[in-house]
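In what follows, structures are represented as C-alpha cells.
One chain, subunit A, appears in both complexes that follow, with subunit B as partner in the first and subunit C in the second.
And then the complex of A and B:
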C-alpha cells in the first residue's frame, strides 16, 4: 500500500509530464472505444437490415434452392417446423424477372409474399411511404428508388415478365425502408402472382421465420436437427452474403490496428517513464540504500506507469463512452451511410447507423494500462534493477 | 319496291358493319403481307449516328426468318419468330439461342423496333378495343402485360396507317407509321415502316422493303436448325 502511495505521489510530482502521458492514453482509449462501438454498431445495423428487411432472422429452404435459387428448386408444400422459439413463419417465392415500364426496362428479383404473413415477419409492410401495402393479387409494391428508375408511380401498371409468364400489375405502394436492397430493388407481389410468374407447380421457394433477436443461429442449428432430409435452415448471419465478409474483414483489419495503437501508446508511456527514471536514478539509489529492494523499486516504476496511464484511461473512458452515448442515439453517420447505400445499393446497408455501447470495451481499453505497466517493468524497471547504489550515492 | 330496296340496303350495311375488334383483326391480318422473300433495309437514326442494315427476310405472314446481310461486322446474325418462340443465331457465339417470351419486347438490332413490332399481335391479345371518331382506341385488358396506358390505331381504308402508343399519363411515347402499302398476291404489304421514340428526340428507325418476291417460302426456313446455315 505504501508503494502505491509513493508511486501516486511521484505521478503527481511531475504533473505536466503525467498530463502529456495521459493524453496519449486518452486518445487511444477513445479510439479503441469508438472503433469497437462503430464496428459493433455496423454489424448490428447489417443484422437488423437483413433480418427485418432484406431476408429474415431464419430462412428454411431446400438444399437445392440454396445452391441454385431457381423456383424449380422450391417446394410445393411447407416443411414441418417444430421449435419453441419460432414466433412466426411465412412462405415466400423469389424469382428473377424483368420489369418494364413505357420508358425503361430493368432486371431484378421479385418476392412473392403472403401480405398478412409478411406483416408479422418483416418491417417492409410498415415502411410503405406512398400508397399502401399489398392486399391481393394483381398488385405490386416497389422500393421508391426502383420506381424512380423505372419511372412508375402509384396507380400505374408495371409489367413483370419471367421466362414463363408475364403480368401487368398495378403499383399500389412505394416503400421507403432506408435499406439499399429494399429501396433500390424491392419488388413485392402477392404469392399467387409469383406462383403464376414461376409457371405454377411451386408453392414457395423458402420459408421465412421470426425468432428472438440474437437466437437466429441457435434456432437454425436446432431446426437443422429436425428438418426433413434435403432441407436446411440458415440464420441471418449466413444470409448476409458478401457484406458479411466485408464486415468480418473490417474487424480483422481494425482489431490488429487498434492493438498497434495501444502498443504505440504504451511505448509512449514507457519512454516518458524511462526518461523520468533516468532523471531520478540518484533518488532510487538512495531509496535502495535505505533498504528498499530493487524488485520493489522496479515495481514502483511499473506502478507509476500504470497509474499515469490509468488516469488517462479513466478520462478516455469518460470521453469515449460519452461519444458512444451520443452516436448511439443520434444519426451522426446518416449522411455517410446514405452515400454508401447510393454507391452499394445491393449490399444491404442501412441509411442509419448507430454505434453500440458495451461495458466490455472498457476491458479492451484497460489492456493498455497493463501493457504500459508491463513494458515499464521490462525497460525503465530494468534500469532500477541494474542500479549500483554506491556509485550514485557517491555522486559519480 | 323502293321500301324493300331500302330495307335490303340497311340489312346489308348492318351485315357489313364491323366491330372495332373485327376492324383491328382485319387490319392486323393485312399488315404482314403474303408469303414472300425479300430484302429489307433498316435505318437506325440517333442524334449523333446513323446505322444501316440490310436484311434478308423470309415470311409466310405468321412466321419470319430474318438474316443480317450488312453491315459486314454484323452479317450472319439471324432471327426466327415462331409465334411465342423467338430464336436468335449469333455467328460470334456460334450458337442458336431461344429467347424467353420477355425477349419479344427487346429492341431489334438496337433499333426502336421490337420483335413484337415486327411480328407480334400484342394489340389484339392485350388490349380491348373501342372506336372513337374513326380511331381505334385500345386500352389494356386487366392484368395485361403491357406498359402502355392507351394505344391509338389509325386506319385508312382498313389498313393500319399509324399506331400511337401512350404511357399511363396519356402522353404519347412511341409512334409507328406504316406507308406505301402494295397489294401483292391478294394481300397487302407496307413498304415503309417508321418508328419514332417520342421520349427521345432524334431517335428514329426506318424499315423499307427493297426487294420482294411473292411465293411460298420453304418450310426449312422456319426451322431453328437452319438459322445457322441459312435456308
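And then the complex of A and C:
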C-alpha cells in the first residue's frame, strides 16, 4: 500500500507531465471505445436488418433449396421442429417473377407469406407506411422505392407473372422499412397466391423461425441435429449476403490498427516515465540504501506508469462512453447510411446505424494500462535495477 | 540556431528515435492507407466507366420517365472528334423462360463492339455472331438449368416490339457481381430492338480513346459541343450518369483527410510529449542561454527548429518508405484478407487485385499534416520556454 501511495505522490509531483501523457491515453481510449462501439453497432444493424426484415433469425429449408432456390425445391408439408427456443414459425414461399404496372416492368422476388404468421416474425408488417398489411389473397404489398420504380400506388393493380401463372393483384400497402432490400425490392403476397404462381404442388420453400436474439446460430446448430435428412437450418449470420464480408473485413482491419494505437500510446507513457526516472535516480539510490529492494523500486516505476495511464484511462472512459451514449441514441450516421443504401440497395443495409455500448470495451481499453506498466518495467524499470546506490549517494 | 537544435536532438538519440519513428510510421501508414483507398476507388470507377462509356446520351429527363416508350429514342448522328466511338444500347426488362423455369432478367442489346467487350468475362462458349444468339450470366444459366446450345425464350409483354423472342445460348459470363450475373441477358442490338423497340435505343455510349479515369474536363467540353445536336436528348459524363457515386466522390477527400488526421493527432500528441520532456530536462541550460543573451523569441525558435527537424527527417524517412512500398502497390496487390472476404468484396465490384495510386495531392496532404503537427506540437513547449524566468534558472543553477 505504501508503494502505491509513493507512486501516486510521484505522479502528482509532475502534474503537467502527467496531464500531457494522460491526454495521449484519453485520445487512444476514446478511439478504442468508439471504434469497437461503431463496429459492433454496424454488426448489430446488419443482424437486425437480416433477422427482422430481409430474412429471419433462423431459416429451415431443404438442402436442395439452399443450393438452388427454386420453388421446385420447396416442400409440400412442413418438417417437424422441436426446440424450446423457437418462439414462432411461419412458412414462406419465395419465387422469381416479373412485375408489370401499366407503365413499367421489373423483375424480382415475390415472397408468399401467411399475413398473421408474418406479424409474429417480421417487422415488415409494422412498417407499412401507406395503406395496410396483407389480409387475404389477391393483394400485394410493395417496398415504397420499388413502387416508385414501377409507378404504382395503393389501390392500383400490379400484374405478377412467373411464366407458369400470372395474377393481377391489388396494391394494398407500401412498406417503408429503412432497409434497402425491403424498400427497393420487397414484394409480399398471400401464401395462397404464391402457391398458385408457383404452379401448385409446393406448400412453401422455407420456414422462418423466431428465436431469442443472440441464440440464432446455437438454435440452427441444434435443429440440424434433429431435422430430417435433406433439411438444413441456417442462423442469421449464415443468411447474410456479401455485406457480412464488409463487416468482417472492417474488424480485421481495425483491430490491429487499434492495437498499434495502444502500443504507441504506451510508448508515450513509458518515454515520460523514463525521463522521470532518470531525473530521480539519486532519490531511488537513497530509497535503496534505506532498504527498499531494487525489485520493489522497479515495481514502483511500473506502478507510476500504470497510475498515470490509469488517470487518462478514466477520463477516456468517461468521454468515450459519453460519445457512445450520444451516438447510440442519435442517428449521427444516418446520412452516410442512406447514401450507402442508395449505392448498394441489395446489400441489406439499414438506413440507421447506432453505436453499441458494452462494458467489455473498458476492458479492451484498460489493456493500455497493463501494456504501459509492462513496458515501464522493461525500460525505465531496468534503469533502477541496474542502479549503483553507493555512486549516486556519494553524488557522483 | 539550426545547428543547436540539431545537436539537442542528437543528445537524446533514444527519445528522438522513438518520437521520430512514431512520426515516420504515421507518415508511412498514411501513404499506405491513401494509396490503397485510392486504388479501391479507381477500381470502382473503372468498372463504371467501362460499363457506361465516357459520355452517356439518354432521353431528356429520363430519371422521371418509367415506360420504355418514353425512354427509347431513334439514335441521331453525332459530330464526334476523331477516334471517338459511339455505341447504341437498348435495355429493358423481360421474363426469361426455359422449360419449367423462369427468371426476370435485364435484357441488354449491344452492338458488336459492346459484345466484344464482354470477352474477358466469357467463361464458356463464344460471343454472339448471328441473330438469335445470346450470352447469359452463369448464375442465370444455373438458375434456369440451361447450358450452351439450349434455347431460352424472352417474354416482354407490353413492349413496342414482338414481345416474345427465342434465343440460343452461345456463351456464359462470369460477372464480378453475382446479383447482376443472375439477371444478365446480353443479345445483339438488332434482336433486342425486334423484341422491345424497333430501330430505337435507350442510351448511346460515347467512348474516347486515351482518356484517363478522372479527366472530366474534355468530357465537359465534348458534352457542350454535342448539346445543339441532341434534340430532346441529354448527355452526361460517366460520373453524372451514376449520381450516387458522384455524391460519394467529393466525400472521398474529406473522409481521407479525417482518417489520416486521426493518425496524425496521435503522432502530434506523442511529439508534444517528447518536446515537453526535452524542455523540462534542460531548464538549467535554457537559463544559461538566457543569461548569455538569448531572447525569448529565439528560445521559441530553438524549440520550433527542434520540432521541425525531428518531424522533417522522420517525415522524409516515412515518405521514402511509403514511396518504395508504393512502387510495389502500383504493380498490383491483394488486400491481406482471407480469400472468402475477398471473394465477397467482388460482389460490390471490388476486384481481388487492386493497384495503389499516390498522387501529388496525397503526398502533399501527408507532408502538410506532418509539418502542421510539428509546428502545433512545438507551440506550447516553445511558449513555456519563452516564459521561464531568469531568476528561476539562477535558483536552479
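Operating definition for what follows: the second predicted complex is superposed on the first by the 390 of 396 C-alpha atoms of A that agree within 3 Å, B and C clash if a C-alpha of one lies under 4 Å from a C-alpha of the other, contacts with A are read in each partner's own complex, and residues count from 1 in each chain.
The rule is short, and it goes like this: contacts are C-beta pairs under 8 Å (C-beta built on N, C-alpha and C of every residue); 3 or more make two chains touch, one makes a residue touch a chain.
All of these numbers come straight from a predicted model, not from anything done at the bench.
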| item | value |
| --- | --- |
| Fit or clash between subunit C and subunit B when superposed on subunit A | clash |
| First (subunit B), second (subunit C), both or neither touched by A:105 | both |
| Touched partner set for A:315, first subunit B, second subunit C, both or neither | neither |
| Which of subunit B and subunit C A:272 touches, first, second, both or neither | second |
| Contacts of A:342 with subunit B and subunit C, given as first, second, both or neither | second |
| First, second, both or neither for A:20, with subunit B first and subunit C second | second |
| Per-residue touch tally on subunit A - higher for subunit B or for subunit C | C |
| Which superposed partner A:385 touches (first subunit B, second subunit C, both, neither) | neither |
| First (subunit B), second (subunit C), both or neither touched by A:163 | both |
| Contacts of A:332 with subunit B and subunit C, given as first, second, both or neither | neither |
| First, second, both or neither for A:120, with subunit B first and subunit C second | neither |
| Intersection of the subunit A residues that touch subunit B with those that touch subunit C | 98, 100, 103, 105, 161-164 |
| Residue numbers on subunit A that touch subunit B, as the complex places them | 98, 100-103, 105, 138, 155-169 |
| List of subunit A residues in touch with subunit C within their complex | 16-17, 20-21, 23-24, 27-28, 31, 68, 70, 72, 96-100, 103-108, 149-151, 161-164, 199, 241-242, 244-246, 248-249, 252, 261, 264-265, 267-268, 271-272, 274-275, 279, 339, 342-344, 346-347 |
| Complex interface listing, subunit B residues touching subunit A | 100-102, 105-106, 126, 140, 142-149, 165, 167-169, 173, 199 |
| Of all residues in subunit C, those that touch subunit A in their complex | 15, 18-19, 22, 25, 66-68, 92-95, 97, 100-106, 142-143, 155-158, 179, 183, 244-245, 247-248, 262, 265-267, 269-270, 272-274, 276-277, 280-281, 335, 337-338, 340-341, 343-345, 347-348 |
